[in-house]
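In this document, chain identifiers A, B, C and D correspond to the written order of the chains, with residue numbering beginning at 1 in each.
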Amino acid sequence: MNGPHDLGGQMGLGPVAPEQHEPVFHADWEKRALGLTLCAGAMGSWNIDESRHARENRHPVDYLSSSYYEIWIKGLERLLTRHGFVSERDLAEGRAVDGAPQPKRVLKAADVPAVLASGGPCDRPVATSARFRAGDRIVTRNFSPTGHTRLPRYARGKHGVIEAVREGFVFPDSNAHGQGENPQWVYTVVFDGRQIWGDDADPTLTVSIDAWESYLEPA
Amino acid sequence: MNGPHDLGGQMGLGPVAPEQHEPVFHADWEKRALGLTLCAGAMGSWNIDESRHARENRHPVDYLSSSYYEIWIKGLERLLTRHGFVSERDLAEGRAVDGAPQPKRVLKAADVPAVLASGGPCDRPVATSARFRAGDRIVTRNFSPTGHTRLPRYARGKHGVIEAVREGFVFPDSNAHGQGENPQWVYTVVFDGRQIWGDDADPTLTVSIDAWESYLEPA
Amino acid sequence: MPHDHDHDHHHDNDLDPMDARVRALETILTQKGLIDPAAIDAIVDTYETKVGPRNGARVVARAWSDPDYAEWLKRDATAAIESMSYTGRQGEHMQAVFNSDDTHNLVVCTLCSCYPWSVLGLPPVWYKAPPYRSRAVIDPRGVLEEFGVKLPTEKKIRVWDSTAELRYLVVPQRPAGAEGWSEDKLAGLVTRDSMIGTGLALEPGAA
Amino acid sequence: MPHDHDHDHHHDNDLDPMDARVRALETILTQKGLIDPAAIDAIVDTYETKVGPRNGARVVARAWSDPDYAEWLKRDATAAIESMSYTGRQGEHMQAVFNSDDTHNLVVCTLCSCYPWSVLGLPPVWYKAPPYRSRAVIDPRGVLEEFGVKLPTEKKIRVWDSTAELRYLVVPQRPAGAEGWSEDKLAGLVTRDSMIGTGLALEPGAA
């Protein structure tokens, strides 16, 4: 979706303001938010793409005025209600009122080190060979999906060069919506900054994205 | 600027929600906001392009959570302070504390009908003849100015057709920043919806913009 | 989802904190002699009682009634509209766009709130608000359905984004069943939304 | 302009209304047996005390010290980093990008907050916030100046937008004056920001 999360090139958002000696967490609730999100994800009822879309699919004012862990919690509440683990009554009362389905698994403290250390690889075998090779000139697709995509608006309909063929990866545009993993080859695509932003762009700038094969056409 | 005002194609902003039997104004302060904006503009210290930029150049959260007359008032305060008519002390105290320069003119009630009836035409003679003719194929420029422009992001770097040659008009991109009227030919340019939004767009859709000549290149 | 607090849309009302802010600004400018508060009254009165969509409706009714006028309106809307004494601010450069059996026209200003004041008065809140401005250019059929307008699938849609100083007046199609009606009576069929393109002219039975 | 109320940036603190909201959610999930609160403690402890930018600094220090390792890191960062036991979540598919005399690398995730947790820990707030995400791809020099980094005008800048599941580790240039230093000592020169590209490695005198 052309949503509020798609921020590349947007102006008016102010200075970066890096914080000196930033702590890992700024409040206890942030710690719990991180842990809850990972524990709930470990139940195995949704994937990372559905989870990203649950965070980004918000009114821009809500998205842009929420801290990042706040967005995570709002996304998590949405996922938990969508999948039936939490009801509106539960949330209204702040305690378990309604029942919940049996999750595929519950992450126990003892298993945390192993689970974090193995992560969740998203590479998958792809039946076909890669359509592009390093050095190929491509043009990115121009589209405007209402669902999840990982092709930012600034990089749509732009000419670039394949810098590297990576691996086959789960396709987020379908996976986020329960339409399967449909793995595709992923490429690192490099654009001249002027191709993206126009002739006034910094001439020393190149920008790359990692793009799924269906985002690309030969140029 | 790639600002919060440039909304074409943005998603997640909710339903249109037209109001039944909508009044012309929803509160008395809206009436005064309209009148103040027009009266202050009539002083002749800024033009409509500077005024538009004063409204759009805001943090997205501020812009998108303000009502339109609220944006007008925030823009007006900015213009009045920029041009020295109102000081921070004036605003802090809610009364005239500091002095102000003599305006070019003050709009009197008796002159309102004539001033509103004549408006402020922006057509200007252009020394050169029009570069394009109806039927010409063009491509819009791709650029990312940090200042004011009237070429929306969705219409940058797109192929279209000149539908009509209009007149010479003041160029907002310079006029908004005190860099002169620099009038240019304006054209109505039509795009196929699929050119703008991609192949999944409504095939019956065409979109037009009115574009200054320097926004366009032959295709 | 009750905990999924999305943005509460801002609606103006009398308790608005903007009230004090605008009063203060008017006080400052009045005390400095920069504005005449009576001029504000005169401006407000103009758009509350004199300039509004009835102007545009009369233009459309005349175009429906008089083919020569319609031709003039198509060719030089600024002059044709001026001949009916509807002139001035935000109507200096007018263009009339005619709906047909083939094509429906819809007007938007994605960048701000450009609108033909001289024929339609001040724009409604929804016209100036982000949902309409963002969606009219990409999903006009979805927007029209929210206005209760369902166009035939094959009807072409032309969206006019008012990015410059031209202001657009949509001339809706004349409904059947109003043959022989006077211009005055025809004007009663022409709604404001039909002149933006978010509506159609009323059917004679509904007027 | 004091009346020009721009958005107040939201900073988390203990009075945050999010506190109650998150507590309630944890209570519900715990009561339903869906989560183990001790697992949350273990996750938090991991990222507070075990997994952080010291991991990445050791990778960089080894690459500085051992040309064969540097070559391996360039060719297969996932394996080279795994050999140092830094594996796991948000580090499953790693890519190391090396700064050079010609080119400075900068990593961003314009669409969300993708970041190489296994080598850098959790991302700082600014990395996840709209100003950095919006500007890094269009005005990287302006962003770098806010971090106190001024690159030579002719130095090329390569911005890596982490749009897929690859995670990028910038290998900063080794500063002069640290010849013969141990890997441990060299790691002390490698700041977190230098591995994102918003900083450079420290000069030996500053470490």
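Going forward, a residue touches a chain if its C-beta (ideal position, glycine included) is under 8 Å from a C-beta of that chain, and two chains touch if they have at least 3 such contacts.
Predicted model only: the values in this text are computed from it and were never measured.
The minimal number of chain-to-chain contact steps leading from chain B to chain C is 1. When every chain is reduced to the mean of its CA atoms, the largest separation from chain A belongs to C. A separation of 40 Å divides the Cα centre of chain A from that of chain C. Centres computed as Cα averages put chain A at a distance of 35 Å from chain B. Chain centres here are Cα means. That of chain C falls 51 Å from that of chain D. Across the assembly, chain C contributes 3, 6-7, 21, 138 as residues in contact with two or more other chains.
The set of chain A residues touching two or more other chains comprises 9-11, 13-14, 58-61, 64-65, 77, 91, 144, 197, 201. Interface residues of chain A facing chain D in the complex, by the touch rule stated above, are 5-11, 13-19, 22, 24-36, 38-40, 43, 52, 55-56, 64-70, 73, 76-77, 80, 85-86, 90-91, 94-96, 99-100, 103, 106-109, 111-113, 115-123, 150-152, 154-155, 166-167, 169-170, 186, 188, 190, 196-197, 201-202, 204-212. Residues 1-4, 9-14, 57-61, 63-65, 141-146, 153, 156-157, 197-201 of chain A touch chain B in their complex.
By the touch criterion stated above, chain C contacts chain B in their complex at residues 6-7, 9-14, 16, 18-29, 31-36, 38-44, 46-48, 51-52, 87-93, 110-113, 118, 121-122, 124-126, 128-135, 137-141, 143, 146-147, 153-166, 193, 198.
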